[in-house]
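See structure below.
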Amino acid sequence: MVDAGWEATPAQSVSERLAAEALIVDVDGFEGPLDLLLTLSRTQKVDLRRISVLQLAEQYLDFVNRAKALRIELAADYLVMAAWLAYLKSRLLLPPDPEAEGPSAEELAAHLAFQLERLQAMREAAAQLMARDQKGRDFFARGLPEDVTRIRKVVWSASLLDLMQAYARIRTKDDFRPFVMDRHHVFTMEQALDRMRGLIGFAGEWTDLASYLPDGWETDPRRRRSATAAHFAASLELAKRGQIEIRQTETFGALLIRRRPEA
Amino acid sequence: MSEAESAERSLFAAPPMGEQERMVEAMLFATAEPMTVAELGQRMPHGCDPAEALAHLRKRYEGRGVHLVRVGDGWAFRTAADLGHLLHKETVEQKKLSRAAIETLAIIAYHQPCTRAEIEEIRGVAVSRGTIDQLLEMEWIRFGRRRMTPGRPVTFVVTESFLDHFGLESARDLPGLKELRAAGLLDNRPLPGSMLQPEDDEDAEEVAGQSELFED
Amino acid sequence: MSEAESAERSLFAAPPMGEQERMVEAMLFATAEPMTVAELGQRMPHGCDPAEALAHLRKRYEGRGVHLVRVGDGWAFRTAADLGHLLHKETVEQKKLSRAAIETLAIIAYHQPCTRAEIEEIRGVAVSRGTIDQLLEMEWIRFGRRRMTPGRPVTFVVTESFLDHFGLESARDLPGLKELRAAGLLDNRPLPGSMLQPEDDEDAEEVAGQSELFED
């Protein structure tokens, strides 16, 4: 399948060169790199099963270089394919590395040939399909159908597309809702201050600040974060006012608070 | 007449009567309106005799399930009168499902089993009773198990006839949001700037109606 | 058998086969959509054999201007293809399918059930938005079962309307199917080492953005 004995590019005739230029100008006409490769492979005039992948890689890389020279911008996947073919080419030319893992260059080349053959086969199948007699063109259904469906006064119609579009519309509605802060999970410093003022009278001993968090705010991480921040800010405020003392024995350690004895 | 002779003849003369009969048969089958002899003749090769072909065809369909009958100036196939009962002929009115109904249906299909409260939460508006009733009546949704939560609310699920109508093997085969986007089904979404544009009429009407005051 | 006798008999036994044939003929003539044997049977008196009636009827219409054809699980009358030239005036302009859409349709038909990633792998290019959409809208493809692979991608299969449109009895009758299968061209052969194209849907979606530039 891989023609390793393939030699340097034969001198191109004028008409071949012109054809190659035409290919490049027509780059928008290709449906992706595989389509381009399939078109290039036709110049080899052999069965796709016996195509020279090495020669094809050369042709493709040559195409990309010419496009560059002509300052035609190629889309990313053409360049990805070029990089892969350059890699494949080097693998095909070098003697196989017995240490190398993964598929051999021949396997990769064989797969590319398979892909081209399969795409070609699907194109032919599509053409055969479209060449068949078609309803409404070559043969026809009853022009004046009478209703044979179930008796029903009203038939509600809705297509699958309607259904899916309706769902998509609902689910993406939120993306476009005017921005509103979600206050459901926010505990404010004012709330924390109110709470702590009531509780601090009982804190004669050093107590972990975390134990001050209100019920229902300790488990959900979002709520815990908000409540912790609010209570920390509130305890700083209380300390500033001289009502409590704060202690932390190590970095990221627990924050302990207690009522100032003399307060 | 040998085959060669007949082939030669057909270059100059009209096709044989059997062929003409086939032509008339196909035309009257496929047309939505009765066709006159003249109209038939216009489509047939030169030299044909549609009136004679019609006469043969009419005879051929005598006593069959469909008859060739005269309708005004034209001719048409009609079901034999004694078999009309098989067809349940009745005018069927096609109506498009309202936006509220299709959205509710979509939510049930994607989230089943699904309570009314959940539908309302996802749609962001209250679901009117008529909408659920309509979907139940159409037999596209039915009641599922009650949810084992306070109040034991009823749930809704989609039915076999729903799957049938939409050509689905199971509700799980509905594409997800990401797949919808990939398939280009989300392209008619509003641009962020177009918030102020009125939504389409049907919905607006309904909002005006009643319960949809809960929109946040 | 006198008329009175036959009327009496019909109270107890199924109608004679000739009658059953007329019934099937009338029903299939009346509808543009294919009907299944079961659907026919439901409308016929108890004890009828619609399958046998169909076989007789099919024979009767051989060589005529209209034929009885099989479409998936259903049966329908269709005009003979050689008379299409007489009927062109009935044609409603069909939306022209892009080359991408035709190829996508063929890939789904020959590889079904088939995921979007597989279509993209075969064509070597992302499926543009609107292509799948258009085929779904034409009701030539529908969703099949989800693939039981990571990501559980949705699959596509062809519909009965697809078969009807292309005059196929079943998807097994696609032209060249056997040869393609024998040549191994319908195998799902992944790239060795898979360095070239990502297989799963999510990645394919990302690619979608850019390569759409090449479509149409």
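As written, the chain order gives the labels A, B and C, with residue 1 at the start of each chain.
Note that a residue touches a chain if its C-beta (ideal position, glycine included) is under 8 Å from a C-beta of that chain, and two chains touch if they have at least 3 such contacts.
Being a predicted model, the structure only gives us computed values, none of them experimental.
Among the remaining chains, A is positioned farthest from subunit B, on the basis of C-alpha centroids. Between A-B and A-C, more contacting C-beta pairs join the chains of A-C. Nearest to the global CA centroid, when each chain is reduced to the mean of its CA atoms, is chain C. Chain geometry summary: the mean Cα position of subunit B and that of subunit C are 16 Å apart.
In this assembly, the C-alpha centroid of subunit A lies 37 Å from the C-alpha centroid of subunit B. With centres set at the average Cα position, the gap from subunit A to subunit C is 33 Å.
Within subunit A, residues 140-143, 146-148, 159-161 each touch two or more of the remaining chains.
Residue positions of subunit C touching 2 or more other chains, listed in rising order: 27, 29-30, 43, 77, 79-80, 87, 90, 133, 142-143. Taken together, the subunit C residues at the contact with subunit B in this complex read 21-27, 29-30, 43-44, 63-66, 77, 79-80, 83, 86-87, 89-90, 116, 128-130, 132-133, 139, 142-146, 153-155, 159, 201-202, 204-205, 208. Of all the residues in subunit A, the ones that touch subunit B in their complex are 140-144, 146-173, 175-176, 178. The part of subunit C that touches subunit A in the complex is made up of residues 27, 29-33, 35, 43, 76-81, 84, 87-88, 90-92, 94, 99-100, 102-103, 105-107, 109-110, 122-126, 133, 136-137, 142-143, 164-168, 174-176, 180, 183, 185, 189, 191-193, 195-196, 207, 210-211, 213-215.
Residues 28, 30-35, 37, 75-77, 80-81, 84, 102-103, 107-108, 111, 114-115, 117-119, 121-126, 128-130, 132-143, 145-148, 159-161 of subunit A are the ones touching subunit C in the complex. Residues 21-27, 29-32, 43-44, 63-66, 77, 79-80, 83, 86-87, 167-170, 172-176, 178-179, 181-185, 187 of subunit B are the ones touching subunit C in the complex.
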